[in-house]
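The same chain A turns up in both complexes below, where it pairs with chain B and then with chain C.
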Partner chain A sequence: MKKFFSANRGSLFTLLVLILMPFIVGLFDGASPATVFVNGSGQAKFIEGLAIEIFILAVYAISFDLIFGITGLLSFGHSMFFAVGAYLTGIAIKSFGYSLLPTLGLIFVGAVVQALLFALVLPRVKGITFALVTLGLGSVFHILVMSSEMGKYTGSDVGLQGVIVPDFISPANERLRFYFVMLVVMILVYLIYQRFVNSPTGRVCVAIRENEGRARMLGYNTFYFKLAALTLSSLTAALAGFFHTLYQPIVSPNVAGMGFTVTALLIILIGGVGTLNGAFVGAVMYRLLDYGLRRYIGESASFINGAIYVLFVLFIPYGIVGTWRLRSFEIKQGWERLLKLFGQ
Partner chain B sequence: MNSFLRKNFIVIIAFAVMAAFLIAAAQGMEKKDFVITLLRGLAVGSITFLVASGFSLIFGLLDVLNLAHGTLFMIGAYIGWTVVVRPDTFVDLLTPLALIASGFALGDVYPLLASRIRLGSSMRRILPWALILVSLLIFWRILPRYPIAIWDVENYGQSPVTFAFMADSGTRLPVLPAAFTEVTMSSALIGLLLASIVIAFGISLFDTSPRTVKLTWKNFIWFAVALIVAIVGVVFNNAMTDYLFGLNSNWLFFVAVVVATLSGVVLGGLMEATLIRPLYSRPIYQLMLTLGMSAIGIEMVRAIWGRPEFVMSKPEFFNGGGEACPATNFADWWANHCSTILFLDGRVRVYNEIFIPLVGLVVLVSIWILLQRTRLGMIIRAGVQDREMVEALGINIRRVFTMVFALGVGLAALGGVLAAPSSGLSNAMGESLFLNALIALAIGGLTNYPGAALGSVIVGMIQQFIIKYGQIGIPIPFTDIVFKPTPPLVPASTVMLMVIILLILPNGLLGKKE
Partner chain C sequence: METEIIFETQNLTKQFGALVAVDGVSIKVRKNSLHAIIGPNGAGKTTFFNLLSGNIEPTSGKVIFKGQDITHQPVHRTIHYGIGRSFQITNIFPNLTVFENIRLAAQAMGQDNFKFWQAASRFKQYEARTMEVIQKVGLKDRVHTLARTLPHGDQRKLELGMILAPDPEVLLLDEPTAGMAAEQVPELIALIQEIQKAGNKTVMLVEHNMNVVMSVSDAITVMHLGKVLAEGTPSEIAANKEVQTAYLGGLYELNV
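So, the complex of A and B:
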């Protein structure tokens, strides 16, 4: 037990901070924990909203990290995974009046089906060609969502709106509950991913990234391992899309576009490609940067976003978490030296 | 013959299916519609080809997927527009750009200078950063105050949209020449020159590998050229502006094409040398870098030229009107320079549907000759096959890389400036065209040069035929229903074709099997 605590000090501390955060922010704002608990309006509610968006982005980014960072498949159609979840949820609730659990079942079926669709092209094309084919599949879905024929269901280029969210989880009145649900979902996803990557299956996925020919030579049928990673990734991304639809008033068709795949790429690049908790760090950095820049600079925010992206690629290629892991020894030494300096 | 058939079985079937589609498409419409649609398809295909060919050359030799290619296409278009509508901006920009470049033109001299300086190791580490900081401060002082006659994106009366509109109707807004006010001319010029030399020296200090340099007059040629350009740009500023403003629109368009292509070449060379080169060992990161570059490029275009769309006017040579138009035969057209010509009863726009495909053909042939008949082309073809072997034979392949990257971006910029009068300028023109080019390459074979041309033409044709059938409708046999393809089907059809072809032939129609 003691060993468990000392090994996971950082994660447990982060978890504690995340649990207490709404109340602490409320205290700074002058609202008592009771007010925060009944979702009184104020700074705490706003921060909860921002955090929910970050959690959704983190779940989406971690799903991209699994197929790009761990398995080494570059897919440019990843936003489709997210958008299928988001749109299926919206259509099922709005047009067919499903309740939440059947909707969840439906998007799981949808996610598995689209993973199989991507798997159809897997054995035929590799590398750049795989990226192009997935880009093609993704843009066909984007065009489908935008087309006027589907407008009755998807709202074409305006976006899907008017999804009625059940009261017990409504983001307007029960935001604190939504916050904790999303936090739990994110942690569960992270634990499952951690388990997957450390399992024998996940090890083979890493081997496929490093050298597919060698993994094949060792007797693994790499197709099944790629399919497993793809399915898990698709399920997770669709789950993120599910919560996106519940949280946002409008599902914009942009989430099906190429730009949203680039967002995932940017997030895991900031956090560190192939490090699972990098997705969370990256999502925090990305969302806060985006929010801050848009607030203080305005329209040209994406210029600075692009510049940060380029600087990261050139100078911090392993991302924040990756660099931390590489340098952790040096950082620890420097820290101790600093402590000694003050101690004397 | 028999073995050829057996080997290329699928490819032949693919061509047969496409030919059957073309014939079927011809049955459904009148002859004049068919001819016009065919020509339009060729025009779209030519522009796509200009982007796709550069992209495929770069990908073939350097293994870099340059996702910023569409953005560079757009930048070419905007630069061309600037030269046509505001030549004074172009002239004003000559001097500062030449001065900034002049310091870097002295590249070979700095190691000699550095070897004379004896410094401690910590000073040696600080010095380059200090030099760069100093020169950036000077740039920051001078560059915003340097007078450049430019439009005002915020003010509608002075915005690019208004300038474009006035230029299209044949008049010009009065343009005031910019003058030195906050800085004196000599201090600005000398400051820029000094800052450029200091920053180039600072950057060269990072490279500590020992080199022996023999100074001859050759090391100073480019420096001298840059200085002369800068001085000419300052002294003859007004004379050059007046000359360009007085120029006939055909010549101005020609100057615009040349300037846009050259700036594409320079941009490409700079991009390869500074950003792409450090990342050859990490290909995925190059891809992400070009993605970031494309986002930055779009934002820069938005900041400089604004968001609204506008058009660039066609040169007079293709823009005639009046009684005799549309021309019925070639001699008639030559006499009046009509904007349209009657061809098999269809009105064909000369610039869009005849001139652009002709340029595309010329580029196709000249690049083909470059690849097949010159030494550089031989090195490129060899490099596509086996890069290490070429390097082992003692050829400086890094320099060839830079040249090919510059050539590819130059081709994209050429495509941009040619497309500007026919399709107009907008912030989104790069992305949509780039997707087309990518599809064309995937269809034709990613690194295959004839494949790029074939794929581009196929993509252009399919899109134009579907647009045309969207107007006239396809009667479905045995029913009364007339099917009209909707606009979203235009991109969707080519994307679906790409996916199908890649699934059957993962290397494209003409790509070689690995």
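So, the complex of A and C:
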């Protein structure tokens, strides 16, 4: 037990901060925890909203990290994984009157089907060709949701709006609850991913990233491992899309576009490719930068934003978590060398 | 002396466009022998190995392993038949530790590859096998070193370890000593011989070091321009005039 605490100090501390954050922010704003608890409007509610968006982004980005950072598949159609979840949720609730659980069932099926769709091209193309084919698949989906024929369901280029969210999780009235639900979802996803990556299956995925030819020579039919990673990733991204639709008043068709895939890529580049928790760190950085720059600089925010990312890639190529791990490994080795020196 | 044939090729041919890299090669490899393939650069030795291990498909001809036609089997089946293959150009997982490199090789042989809900460290049988192999190839001081930071000689040992871990019956070794420091070579060769003798294994070896080839092999196949030039015991090959002109070029003095 003690060992568990000392090994996970950082994560547990972050968790504690996230649990207390709405109340602490409330206190700074002069609102008592009771006010925060009944979702009185104020700074706390605003921060909760920002945090919910970050959690959704983190869940989406970690799903990209699994196939790109862990398994080494570069997909440019990843936003489709998210958008399928988002649109299916909206359409099921709005046009067909589904309640939340059947909707979750539906996006589960949808996510598996689209993973299988990607799996069709998986054994045929590799590397950059896979990126281009997935870009094509994603674009087809983007065009589909933007089309006027589908407009009745998807709202075409205006976006999907008017989804009635059940009261008990309404982002307007029950935001604190939404916040904690999303926090729990994010942590569960993270734990599941951690376990997957450390499982026999996940280890093979890492081997595929490192050297696929060799993994095949060792006797692994790599297709099934890539399919496993794709399926888990698709499910997770669709889940993020589900919460996105519940939280946002409008589902913009932009979430199906190439730009949103790049968002995932940026987030894990900032956080650290293949680190899993880099997705959370990256999502925090990405959303806060975006928000802060837009608020204080205005129109030219995107430009500054872009410049910051370029500097990031140049100076911190392994991302925040990646660099931290590298450094702490080196520092540990340094201590060991020093101790050895004195030992002799 | 009649022994069982474990590996056989029939008229194996591989064409890359106009180039016939392997041209109608038929060889028979006896069980538990150490069979060397030699030949000048570009003779088609590595392509021949690639055909045997299923890395590439032949244009025509057959590969028969223990009486079974495995010519068109996918490459990931190879090791499950009991054929392990190492590469001339080091082919490892660079950013994983020595331990994980070999553990992955051991795990591949089990039935636990899709237990994604359990931690890999729970499968002690693979870890035990890994440590055994690491001991054998002499990397026990490097267990947790990243493979890419190993010196070249140790990477060659790791490469060997990765094909020993699954315990295959036939080892296809493509220049296991390539690029190794001269003083490390005898050690590795002794290890290969020891493995072959102790475990009743068949070893096929591509090697350029003639001293090594002549002293350790039971049989030698000489390839030249994709074809088999000669076949026989080391002393027969050494006495063969054709081989001497084509390959040894008269420059090498045999001391067999």
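Definition applied: the second predicted complex is superposed on the first by the 328 of 344 C-alpha atoms of A that agree within 3 Å, B and C clash if a C-alpha of one lies under 4 Å from a C-alpha of the other, contacts with A are read in each partner's own complex, and residues count from 1 in each chain.
Note that in this section a contact is a pair of C-beta atoms (placed from the backbone, for glycine too) under 8 Å apart; a residue touches a chain by one contact, two chains touch by 3 or more.
From a predicted model like this one, the values you see are computed outputs, not experimental measurements.
In this overlay on chain A, chain B fits alongside chain C without clashing.
Of the two partner chains placed by the overlay, only chain B lies in contact with A:V125; chain C stays clear of it. Looking at the shared chain after the overlay, A:N173 reaches neither chain B nor chain C. In the superposed model, A:T323 lies in contact with neither chain B nor chain C.
Contacts of A:S252 after superposition on the shared chain: neither chain B nor chain C is touched. When the shared chain is aligned, chain B comes close enough to touch A:A307, but chain C does not. Measuring from the middle, so to speak, at the Cα centre of chain A, the directions to chain B and chain C differ by 80 degrees in steps of 10. With chain A used as the common frame, the shortest Cα distance separating chain B from chain C works out to 10 Å. Judged by the document's definition of touching, no chain A residue lies at the interface with chain B and also at the interface with chain C. By the touch criterion stated above, chain C contacts chain A in their complex at residues 53, 55, 74-80, 85, 91-96, 100, 103-105, 107-109, 112-121, 123, 162, 166. Residues 65, 275, 278-279, 282, 284-285, 287-289, 291-296, 298-300, 302-303, 435, 438-439, 442, 446, 486, 488, 491-492, 495-496, 498-499, 502-503, 506-507 of chain B touch chain A in their complex.
Contact residues on chain A toward chain C in their complex (touch as defined above): 195-196, 198-204, 206-207, 210-211, 213-222, 224-225, 228.
Residues of chain A touching chain B in their complex: 74, 121, 124-126, 128-129, 132-133, 135-137, 139-140, 143-144, 146-149, 262, 265, 269, 299-300, 302-303, 305-307, 309-310, 313-314, 317.
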